[in-house]
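The same chain A turns up in both complexes below, where it pairs with chain B and then with chain C.
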Partner chain A sequence: MKTKSPFIKIDKISMWYPQKSKNLFMSIREERKWIKAVDQVSIELERGEILGVIGESGCGKSTLGKVLARLENPTNGDVYIDSVSTKELMKKDTKKFRRMVQIVFQNPFDTFTPRDTIEQILLRPLKIHGIGKTNAERREICIKALESGGLRPADEIMKRYSHELSGGQLQRISILRSMLFEPKFIIADEPVSMLDVSVRSEIINMLLTLSKEKNATVIFISHDIALTRYVSDKIAVMYLGKVVEYGDSDTIINNPKHPYTQALISNCSSIDPDEQREIIKIQGEPPTPVNPGPGCYFASRCFKASKECFQKYPAATEVSEGHIVACDRWY
Partner chain B sequence: MNQLLEIKDFSVTYVNKSKKVYAVKNVNLKINKGDSLGIVGESGSGKSTLAMALLRLLPEKNTQITGKANFIGKDLVQLNQKELKNIRWNELAVVFQKSMNALSPVHRIGPQIEDIYRVHKPNASKEEIFSRITYLLRLVNLSERVYTLYPHELSGGMLQRVSIAISLVHNPKLLIMDEATTALDVVTQGQILDEIVKMEQTLDVTRIMITHDISVVAASCNKIAVMYAGEFMEIGYVKDVLKNPKHPYTRGLLSSFPSLKGEKLKLTGISGYLPNLSVKQEGCIFAPRCQQATEKCKQEKPLGVEMNENTVWCHLYSSGGELINEDQKPVYKD
Partner chain C sequence: MLSVKKNTYATFKVINGDIQLKLGVFGILFLLLVGILSPILAPLDPYHYGQDILNGLGVNGHLLGTNHLGQDVFSMIIYGVRTSLMVAVISALISAVLGILIGGIAGYFGGKLDLIVSECINAFMMVPTFFLILLVIALFDNSITNVMIVIGLTTWPSNAKLIRAQALSLRERTFVKSAITMGESKTQILFKYIIPNGIFPVLANTTIGMSNAILTEAGLSFLGLGDPNVISWGQMIFMGKQYITSAWWIATFAGVAIVLTVTVFYLLGDGLNHVLNPKHSNGKGGE
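Presenting the complex of A and B:
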């Protein structure tokens, strides 16, 4: 038995959306159909750890992020931060929860309201959460934060509107704003995919330094596998709402066990032109997440699938320490 | 050598009432038959403008195109609309990032392609068209069934495959792919790139690939051109340029990509931003962001330096390699 419970425990969290039937008559007669965007995901994380979540589009990465930040209420399951149920916390003290968990979105141009200056945007949350007594004090906090993120002259930037800044600057402000409350848990949903390559690394490095400084746990959602490996300590591979493989990032990249991960990584092109790649071809596209199963969701595209794979969803097995694979034919 | 396209002193300027934006400036480029060239650079560096100008798809009212683009004996800059019509699809084809959006949602895939086929071959028989289209669909790894489907029945990756198939209906000599795989998933992108490379061997097309993702170029091209603020910084074979980048900008760009399997090196970006392209700048365009810039870089525009079949536009090498003449004729060593 474990003596110490993990810092963040995601416990069988699920997000199912009901599928609307086109036909009213059918909708009464038929059983209700569910789109299982996130299905029974359980992950445990320590303080300061960075978890990368990878997968194809539509596999539920972003929904997972939204559910963890409680922008959507999960159908089932719960998240415990420091053994505190966020479900309970959300009911009792929403503001406290919001201070603990912050989210950084993909598109920095959509993150900020175009009507307000950066100053207004940054001061408002501080005021709502009662940080700093006077406006001057709050301004001071913001200026310090902006300068720590390399946005100089901070005074000048505070006066501007969001459309007067570049995407890189905006994304930096977005990350800095989320850090203002010293959150324990940050969800970064594709924070750099909208940005230019030359700016990307600065944003990533900033996110890494800040989260290390504040000792925050980060979930880094991305479809860029090489970048995720660079950023994270652990990687979870998602397919149709399920985590199919989970482990240390180097183990996952260099020694993937699940056929889907193997295919995903073999298809990821490297910038090294000499690297020999042997592409594992998988057939077709992910099937719809409407009532999948009963077998392994990947079975229809899998190159290793056997009869059993179509009958029962494989149980998660621990291949080596901390390396979990949800496949019966991983060997 | 079998030259397909030669761009000489090619410039594209966007003009409006208040200012001029110099999007592409005096570019020189040669593409041989069978080459696959990848053009990479940040957004706003003029990659797409160059391609659109070559295709003559930019609005003529507010763009100025100067220079020469010699495409198998014809100057693309001087052609009139009628001549362009003859070239498009027949000899020059393009696939855009969202080419799939061009498909009509109310027609089946097959008849749509038939229409395109008939533009250049009005008298083609139905059987001929059908066999050609199904051949192309198979080539891009789609089943013949797609012929009778509607676009909404296909996924994004399949639709993009259809667009690639459409671009090949008349066996074009030059295919331009402007971020054609960017919107796709890793798995789909990897497979399509693989198919493109294989397809090229069977069909004998030359390809220009425009992308911001160097790994796409590494996986599918033999030559690479690095573009920055409307100018080429470095052109050469992929294996040389990516292994041994010469230009400081190429180096900066490469070091901002994490490697998939190699060591975890610290990512370093390029500080600063693209220069204002409406102002003509003295000296090397990259100098304000370059860490190795000297006084000379700020005053004098670097000329192309030829080094082992690769060309670098940087003062760092002006003494090391052989200088190219003013009219940019490459000097080959014996």
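Presenting the complex of A and C:
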């Protein structure tokens, strides 16, 4: 195997939604408008790496997660896992793809169908993928998994319905169920934002330990910057569907180069109360994702913006080893 | 086993809590019992044309009198339960199965298919159903089987609309998405997640559909398009109307039976609607 090719390569992936025109007549005359939820995102990740994706609401973080898990088919681009195109894999062997890529959802209360017990919920995917020969064997696998996740007594929990369990327990089950497939790539879409603060760290640690055990790559989507810093090796900052800055998490947090990242991080409260930080205030709201541009999407709110910023979207420049910034005025 | 026991108990509690549902359930049980036990309950064979013609109430041991052909009205009413229940259940079943499948597929798969199917549903809803049924029955044989099939085939659009709306919202729910990531196929998701979770409004609608089917069958019989070989309440009214001044009991008791049966089905449907509506549900969150 080539040493150069990364384990997971997200190659210019885009998710555009057509904007529905209210007027049929207009829609014929006018060019079709697109909402660019995710636009040409390229990221490379190694085995076992954890990537944090941060950005404000509506910047396309969750859409990126959905596209990576193939809950939606991307308009453009592809993802390569171990040099295998997932586009091809989806056509040839959907089940294999599903075993390789798993997603942990934001809302644990809605992750399981309300009509089944946990036992039925856990056994079903095993049966579909032919893991374990008999039901008794599959049950054994599930019990082992639940107990390893600290859900005791597993027997009792498996008899319950999802509405009879707490959010923390459900999210654990959700993570454990995903891990049953030994996935290579896990997408965690704000896995703790709906949980009580008291159980968050347990869930996060469990996700981290398990993914480390299986040597899986994790994409951790969150808007909690402090948490993302703690969790991830790399951080990607998204703004309006594009990655504006990407690099090692410590570099991004301590030395952000993109004005948007600087504003975002300056507004994030630090644990250290004595730390003096100048809060950068930015004006207005993000522009609409319908045909934005032509300049830098952030230019209208940027405190560094110059004339050139409104004319052409800045190219990504590598400011230091592995630290990429999509801004022409980063220095 | 324990959970089965618990579920039965919970069901009892729910039924007990809603007066409409309680009346509806007991009414249906009563009707079913009468339907099953009609040969025992009926004092005389309703298909037997006796000598006592147009007897009044209680005359010659005929509790509700006889009609112009000498049939015992009380026995006819008891046997009529069978016809009504059969028409109600079978036509509603046809309508429910068709509606669930068509609406579920349209709502879940969406896109162009949904557009086409939705327009078909709308077109079907615009058809004046009763006249279509009349036409079909008049053109083809007016057997009870035809009546049931035609009622079923013309009433599915409301069920389809209900389940389509459910499917549209259910397919965006996280548990459907998580089922997709677990590698379940579209058919599995449709039958395992979409339909079972979206079926409640259809169930309630179907029970109300049953009462409509009974009314439709009675209406057809009243117009002389019912099955002449089967005893039905509509037919009794049809035949009794000529004698309404001299032998009022023939049409009246059949009419009362129809009203009561339809009311029972309505109560059941309305009660189910109340209980199954998540806003009224108090069973969530454990005991």
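As a working rule, the second predicted complex is superposed on the first by the 326 of 331 C-alpha atoms of A that agree within 3 Å, B and C clash if a C-alpha of one lies under 4 Å from a C-alpha of the other, contacts with A are read in each partner's own complex, and residues count from 1 in each chain.
By our rule, contacts are C-beta pairs under 8 Å (C-beta built on N, C-alpha and C of every residue); 3 or more make two chains touch, one makes a residue touch a chain.
Keep in mind that what you see is a predicted model, and the values were worked out from it rather than measured.
*Asks:* In the superposed model on chain A, is it clash or fit for chain B and chain C?
*Replies:* Aligned through their shared chain, the two binders fit side by side on chain A.
*Asks:* Quick check for you: in the superposed arrangement, does A:Asn76 touch first (chain B), second (chain C), both or neither?
*Replies:* After superposition on chain A, A:Asn76 lies in contact with neither partner.
*Asks:* Tell me the contact category for A:Asn135 with respect to chain B and chain C: first, second, both or neither.
*Replies:* neither
*Asks:* Taking CA centres, what is the chain B/chain A/chain C angle in steps of 10 degrees?
*Replies:* Result: 80 degrees, to the nearest ten.
*Asks:* Going by the contact rule set out at the top, does A:Asn291 touch chain B (first), chain C (second), both, or neither?
*Replies:* The answer is neither, since A:Asn291 touches no partner chain.
*Asks:* Once the structures are superposed on A, label A:Asn215 by its partner contacts, choosing first (chain B), second (chain C), both or neither.
*Replies:* neither
*Asks:* Would you sort A:Ser174 into first (chain B), second (chain C), both or neither based on which partner it touches?
*Replies:* A:Ser174 sits against chain C, while chain B stays out of touch.
*Asks:* For A:Gln311, using the defined touch cut-off, is the partner it touches chain B, chain C, both, or neither? Pick first, second, both or neither.
*Replies:* neither
*Asks:* For the superposed model, what is the least distance in angstrom between any CA atom of chain B and any CA atom of chain C?
*Replies:* 12
*Asks:* What does chain C use to touch chain A in their complex?
*Replies:* 3, 173-175, 177-184, 188, 192-193, 196-197, 284-286
*Asks:* Using the touch rule from the top, collect the residues of chain A that touch chain B in their complex.
*Replies:* Residues in contact with chain B: 56-57, 166, 168, 196-202, 204-205, 223, 225-227, 229-230, 253-254, 263-275, 277, 279, 281-282, 285.
*Asks:* Using the touch definition up top, name the residues of chain B that touch chain A in the complex.
*Replies:* The contact residues of chain B facing chain A are 42-43, 155, 157-158, 185-191, 193-194, 212-216, 218-220, 238-239, 242-243, 252-262, 264, 266-271, 273.
*Asks:* What part of chain A is in contact with chain C in the complex they form?
*Replies:* Touching chain C from chain A are residues 69, 71, 94-95, 98-99, 101-103, 105-107, 110-115, 124-125, 128-129, 159, 163-164, 174, 177-178.
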